[in-house]
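Can you read through this structure? Questions will come right after.
Chain naming follows the written order as A, B, C, D, E, F, G and H, and within any one chain the residues start at number 1.
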Amino acid sequence: LRSGFGEVVYCSGKSTEHLVKIFQSFNEKNINIMGTRASKEQYEAINALMPEAEYDEMSRIVKIMRNVPEQTGLIAVCTGGTSDIAVAEEAAQTAEFFGSRVMRVYDVGVAGIHRLLSKIEDINKANCIVAVAGMEGALPGVIAGMSHKPVIAVPTSIGYGANFNGLSSLLTMLNSCAEGIAVVNIDNGFGAGYMSTQINRLAVQ
Amino acid sequence: LRSGFGEVVYCSGKSTEHLVKIFQSFNEKNINIMGTRASKEQYEAINALMPEAEYDEMSRIVKIMRNVPEQTGLIAVCTGGTSDIAVAEEAAQTAEFFGSRVMRVYDVGVAGIHRLLSKIEDINKANCIVAVAGMEGALPGVIAGMSHKPVIAVPTSIGYGANFNGLSSLLTMLNSCAEGIAVVNIDNGFGAGYMSTQINRLAVQ
Amino acid sequence: LRSGFGEVVYCSGKSTEHLVKIFQSFNEKNINIMGTRASKEQYEAINALMPEAEYDEMSRIVKIMRNVPEQTGLIAVCTGGTSDIAVAEEAAQTAEFFGSRVMRVYDVGVAGIHRLLSKIEDINKANCIVAVAGMEGALPGVIAGMSHKPVIAVPTSIGYGANFNGLSSLLTMLNSCAEGIAVVNIDNGFGAGYMSTQINRLAVQ
Amino acid sequence: LRSGFGEVVYCSGKSTEHLVKIFQSFNEKNINIMGTRASKEQYEAINALMPEAEYDEMSRIVKIMRNVPEQTGLIAVCTGGTSDIAVAEEAAQTAEFFGSRVMRVYDVGVAGIHRLLSKIEDINKANCIVAVAGMEGALPGVIAGMSHKPVIAVPTSIGYGANFNGLSSLLTMLNSCAEGIAVVNIDNGFGAGYMSTQINRLAVQ
Amino acid sequence: LRSGFGEVVYCSGKSTEHLVKIFQSFNEKNINIMGTRASKEQYEAINALMPEAEYDEMSRIVKIMRNVPEQTGLIAVCTGGTSDIAVAEEAAQTAEFFGSRVMRVYDVGVAGIHRLLSKIEDINKANCIVAVAGMEGALPGVIAGMSHKPVIAVPTSIGYGANFNGLSSLLTMLNSCAEGIAVVNIDNGFGAGYMSTQINRLAVQ
Amino acid sequence: LRSGFGEVVYCSGKSTEHLVKIFQSFNEKNINIMGTRASKEQYEAINALMPEAEYDEMSRIVKIMRNVPEQTGLIAVCTGGTSDIAVAEEAAQTAEFFGSRVMRVYDVGVAGIHRLLSKIEDINKANCIVAVAGMEGALPGVIAGMSHKPVIAVPTSIGYGANFNGLSSLLTMLNSCAEGIAVVNIDNGFGAGYMSTQINRLAVQ
Amino acid sequence: LRSGFGEVVYCSGKSTEHLVKIFQSFNEKNINIMGTRASKEQYEAINALMPEAEYDEMSRIVKIMRNVPEQTGLIAVCTGGTSDIAVAEEAAQTAEFFGSRVMRVYDVGVAGIHRLLSKIEDINKANCIVAVAGMEGALPGVIAGMSHKPVIAVPTSIGYGANFNGLSSLLTMLNSCAEGIAVVNIDNGFGAGYMSTQINRLAVQ
Amino acid sequence: LRSGFGEVVYCSGKSTEHLVKIFQSFNEKNINIMGTRASKEQYEAINALMPEAEYDEMSRIVKIMRNVPEQTGLIAVCTGGTSDIAVAEEAAQTAEFFGSRVMRVYDVGVAGIHRLLSKIEDINKANCIVAVAGMEGALPGVIAGMSHKPVIAVPTSIGYGANFNGLSSLLTMLNSCAEGIAVVNIDNGFGAGYMSTQINRLAVQ
């Protein structure tokens, strides 16, 4: 899947020194590089040596794009609230990095279902849907109930109390009685972006 | 609240002998009696001595009704699936036992949201809503998002795997981001029926 | 419910920039605004542009009140200890924001039951009771046992060790054998304030 | 502690054959024997060979008493509900087996606090209090708040749903903010009976 | 997705009487019917009235097939052990019911990695891979590491001790560091069969 | 119990301002005051106004002692490791504050059982034993197996990984098969010190 | 390791028909066969066709021994209580099946430490120690503290209440502060028997 | 085991002052000293007085080596990812401290199985294998499936979301269906290094 699209680096937990070396060695190959879960400090150390590096504070992605890939097919990335957008952007930008076209449908949570209803026709045009939600995490199941397209559900750690850092959302999604839904780890936007790209590719081929 | 309405007995875990004695002592006072979580065996032992006792297999309620109370106000009792009806009936019949009028709206789960949308106007006519759901337990939150009336959420133990006997539904309901929702114990139809009656009474007074 | 009372904003997790924009757009409409879970930094940024904003450090609520609504009915807000007052104030001020009259009965925990007994007659004058407790969380159940009014139980994260950040209090409240009690999320003063207002309205109408 | 009082056998999980042998070998020494957690089948096998064996179905204790020890001091054994009596009896009869005088105060749970209040003066005459409760498990903490005597708290597995087989009661008791309370394992009446005897002995010496 | 393929019924927890009625009403429409999680007793009651009903003890699926759909595309269904085959067959037969071609690759668990290595080339010919595993649940992650196709991971409840009825397998799969994997509920063969069909359809269109 | 011994304040979570006020109001009554879980900052604020206040960094206790009570009876306070001493000192100093004589037996954990064996005779001279342990938490059970005196077990949060902040130690102690052991909350030195004093008093009376 | 020693079959969860086939196919090769976790029914079906099969009810092992391997080296298998012997025998007989000499030291739990102390010198003669315990699970850690030999710790599911089916014992063993201890799954006697054999082999080579 | 090899100190949680004293008292005996889990601050305080002390930031080990022990036998220390190296180095350096020869095989996780396959022949030359992994923690089981040598599995706390600080890896390892694997606490490199040394010694003797 990755061939011709570049390399992805998981920055969290890597020492700045180690991370910069990884970026430099890929950079010498003149390929696209995407680093996820990068802190601002990590970005700045990379940027000092590779000024073409860009950083998106929201998704915490640092990128060096040698060539922007053509974007084909369609993936819908939806969120329940605005606090889920950080994770959604990790998914969306991952999908774009690997050549998928992405439609963003943010802040359509089930506590105000009419906003979602007004968007569902558009969402259903996508080959694959990524649904991101924290708190009670009901969004992916409700979307799956209104769509024939596969839904990748992403629980986020947004919430408090009996949310237990995303456990509640995760369980909600695993227990959904709607058809056509599978779940990735809490906050794993990258995983959802990658898998939705695999599915999107099957559709566009 | 109870005065004039009779007595409630929690049958589960009581020996048949002990339970029959409780029923007899209340029966001598010529009042209404409702036993929840009664097994068929318990009912039969009661019925052998008090033939006026009736049993509802679905809700597992055994009742001796001396006089049927007038039913006032309105409580809506909703379920996500058909398997949740047992718990919903415990709620509904408890509310009726204490003099509430009850509207039943069953099998309107969020995996097929349009069924719920077609009923929401009716539901909103109630003073209080009891929403019962297993699996992912998203129904109460979605209803609360479409209603200005207080919602009593009842998680059920219906589900399997990562449902953990209702834990998943319980957490979903506690984490709902909709306004106007509070939660009772897993499968506690009695609690929801009782509290919705308290609220309904405040409205009809 | 909200109509004519203004807007509520959940401040936690929102960037200061984003939050200030939300406040400004509501402020232009000349309505009341209440922000919950606001940090002092968030308040100061809001206050710099909207000097009429007030901040309560205890409840972490930031408010801009254009007109103070008339307060009707009665809600009792009780706490077990003094550390629970922060959450109780979130509940009380939410109820007041939406036009409920509130009686505060703080520090009446079950470890010294006589203080509670001396207040219970007053508490029972309310239409709805909000009972807030951390540690073992027994207060709401004990109150529900002495009252015919609906009790909204709020577990707090106050405690240590086997309290597991409020899990213990939450479970206690869900398992209460008293009649007329339902539970909101750990520390969710807002949810309790809102739902008790819904109930109070039904009573005063 | 045990010297002169006889032997205790934990029957659960032991094969009938093995258990009978243990009873016979102790029986030959002409000492008192108490078996806890005995099934009716186990009792019957013992009774067939040792007809002096007695069985109490409630506490599931099988006993052969050669001499009844003098009972000194005083231990109060209290329960929240009637379903907790099985565990309470294990505690009470253990204490009696080892020579303690026991006062039983059953069904004084916190959902109806006035029953407890009317008994508290009596309870406080004991040297040590065993408080047994299921469901939300609040009884021991409330008693400890009204007493200067040490309280041994025994959570029971009575309850359903979010009770998690006694976990909720256990956590409630561990988190009690009252002074003078310590906890034994769920349903461990034996442990509470034993430890309360140790304390009672210190007082009567 | 379902149109033209028939109806699916979840049999677990339904009363035999209720289930037979559902089957009869679908049967009158002359469509294919598949019931999952059916007990032998449920099957026999259905079979008594609809003798064309067939039962597969392994997968616990009861089917009435009016017409066998053409099978297109390719889905690989793999298991770690032989005990996982029951769940795998639920997935495989669901996919076949909806018109997918299925390749079965059973008993290729990671404790003997060479069996899997010898099959991986074949597996990679599928459009989508369903990987079913209990115990430590490592199979889906290892397959995902050797494939560019999307992997639907199904944890099973096979295991004992610290497996906690499939929780361990579920967590393993959610935490996989391989790319292209998403997870359904423990034992949810139906969910995996359905979603893999959605993906397979996108590929064959 | 407390009468004539002074007042205890739980400092954690109290604002400095509030805490100082509490200390001042007690101080005016010329009684002994003990504050547990006090931070250095809290102590300094108290000390600025009440220079007679003393602080022990190990146990985090701040004290104002008007008169030192006579110390009677004997309580043994034991720890498994040196990291458990902070909690043990909270227990020991609480017991001393209320007039108990205390013997400290620290760092006698079960990984080197011979150190404990050499001290057990001394330990058994006490009326009551407080046993404090983190990591696997086996110490109290081993002591209870070698003693006829009641053991108050205190799990500490010392440990890492699968210790889960003291949960492992807590469970170990609750499951001990030794006779004569009861457990307080994780890190609850105060609770153990208080209850052991109650027991010690019964013995010395 | 296995070469020349025969085959092992995990019987639990296998259909009798399937299991008998596996035994027959191995039996034709004239090698030793050991089946673990076999029910009596499974044994009887095997025995009907292969009368040389033997069954041990305690360990639930069914064996067909063509030749008894020479037993070399030494492994000590210890238990805390008598209820742990079933698991210990699975370990011991597994080790013997693969040619290890085994010393059994049963019922030496830490609640009566002197029994263990009197055996420790013998235990230390082994190359490897398997320590099996339920309830609080402290035995392996205490042995490891008195031995320089590697200890394989086996938690059992023996216990009740807060034991949570062996979770408590498992955590105790993982958190042991003694040196030279590693843990297998709850009730996994086979795993401990196998690994201790691997270690014993290294020593005897 | 330790005799002649020096002393080990667990630095975490010890005050700098206390730690320096321990190091000084051992240092006066002219023996090797190894401190695990040492912070840079702790090292600097030690180094100020004992300039021969060396610090390894990766493993957080501080050492004073009077004489380097001869290294015999062979232990393989493997990791799944680069983030696991910190824990692996604690294991490797502990083994070396006690005289074992160590082969390091890092970053051979199961998501890219071919790297591991190319190293397995080398790994199998060791007497004992330490396998360190975070995230899904599948590495030790896969190695155990390809080796006849005992595997000590070390889960690390590397991961996020449903990893729960290493719980997921721990459970994976405990549930491995491969033969010859036992597990130590999360991040317990020391424990694995020590036990692998015990096993290695048995082999070289």
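Following the convention adopted for this analysis, contacts are C-beta pairs under 8 Å (C-beta built on N, C-alpha and C of every residue); 3 or more make two chains touch, one makes a residue touch a chain.
Labels paired with UniProt names: A, B, C, D, E, F, G, H = PurE domain-containing protein.
All values reported here derive from a predicted model rather than from experimental measurement.
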item	value
Chain at maximum distance from subunit F, centres defined as averaged CA atoms	E
Option reproducing the contacts of B-E, where over half of them reappear, out of A-E, F-G or C-F	C-F
Numbering shared by both copies at the subunit H-subunit A contact, with half separating same from different	different
Most widely separated chain from subunit G, with each centre as the mean of CA atoms	C
Cα-centroid distance, subunit C relative to subunit D, in whole angstrom	41
Inter-centroid spacing, subunit H versus subunit B (mean Cα positions, whole Å)	57
Gap in Å, rounded to a whole number, between the CA centres of subunit D and subunit B	36
Per-residue multi-chain contacts in subunit H, two or more chains	161-163, 167, 170, 174-175, 179, 185
Every chain pair in contact, whichever chains are involved	A-B, A-C, A-E, A-H, B-C, B-D, B-E, C-D, C-F, D-F, D-G, E-G, E-H, F-G, F-H, G-H
Contact footprint of subunit C on subunit A as seen in their complex	82-83, 158, 160-163
Complex contacts: residues of subunit G adjacent to subunit F	80-81, 109-113, 117, 135-138, 141-142, 144-146, 159, 161-164, 167-169, 171-179
Subunit D contact footprint on subunit B (complex, rising order)	12-14, 18, 155, 157, 165-167, 170, 185-188
Complex contact set, residues of subunit E against subunit A	1, 127-128, 148-150, 152-153, 170, 174-175, 179-186, 191-192, 194-195, 198-199, 202-203, 205
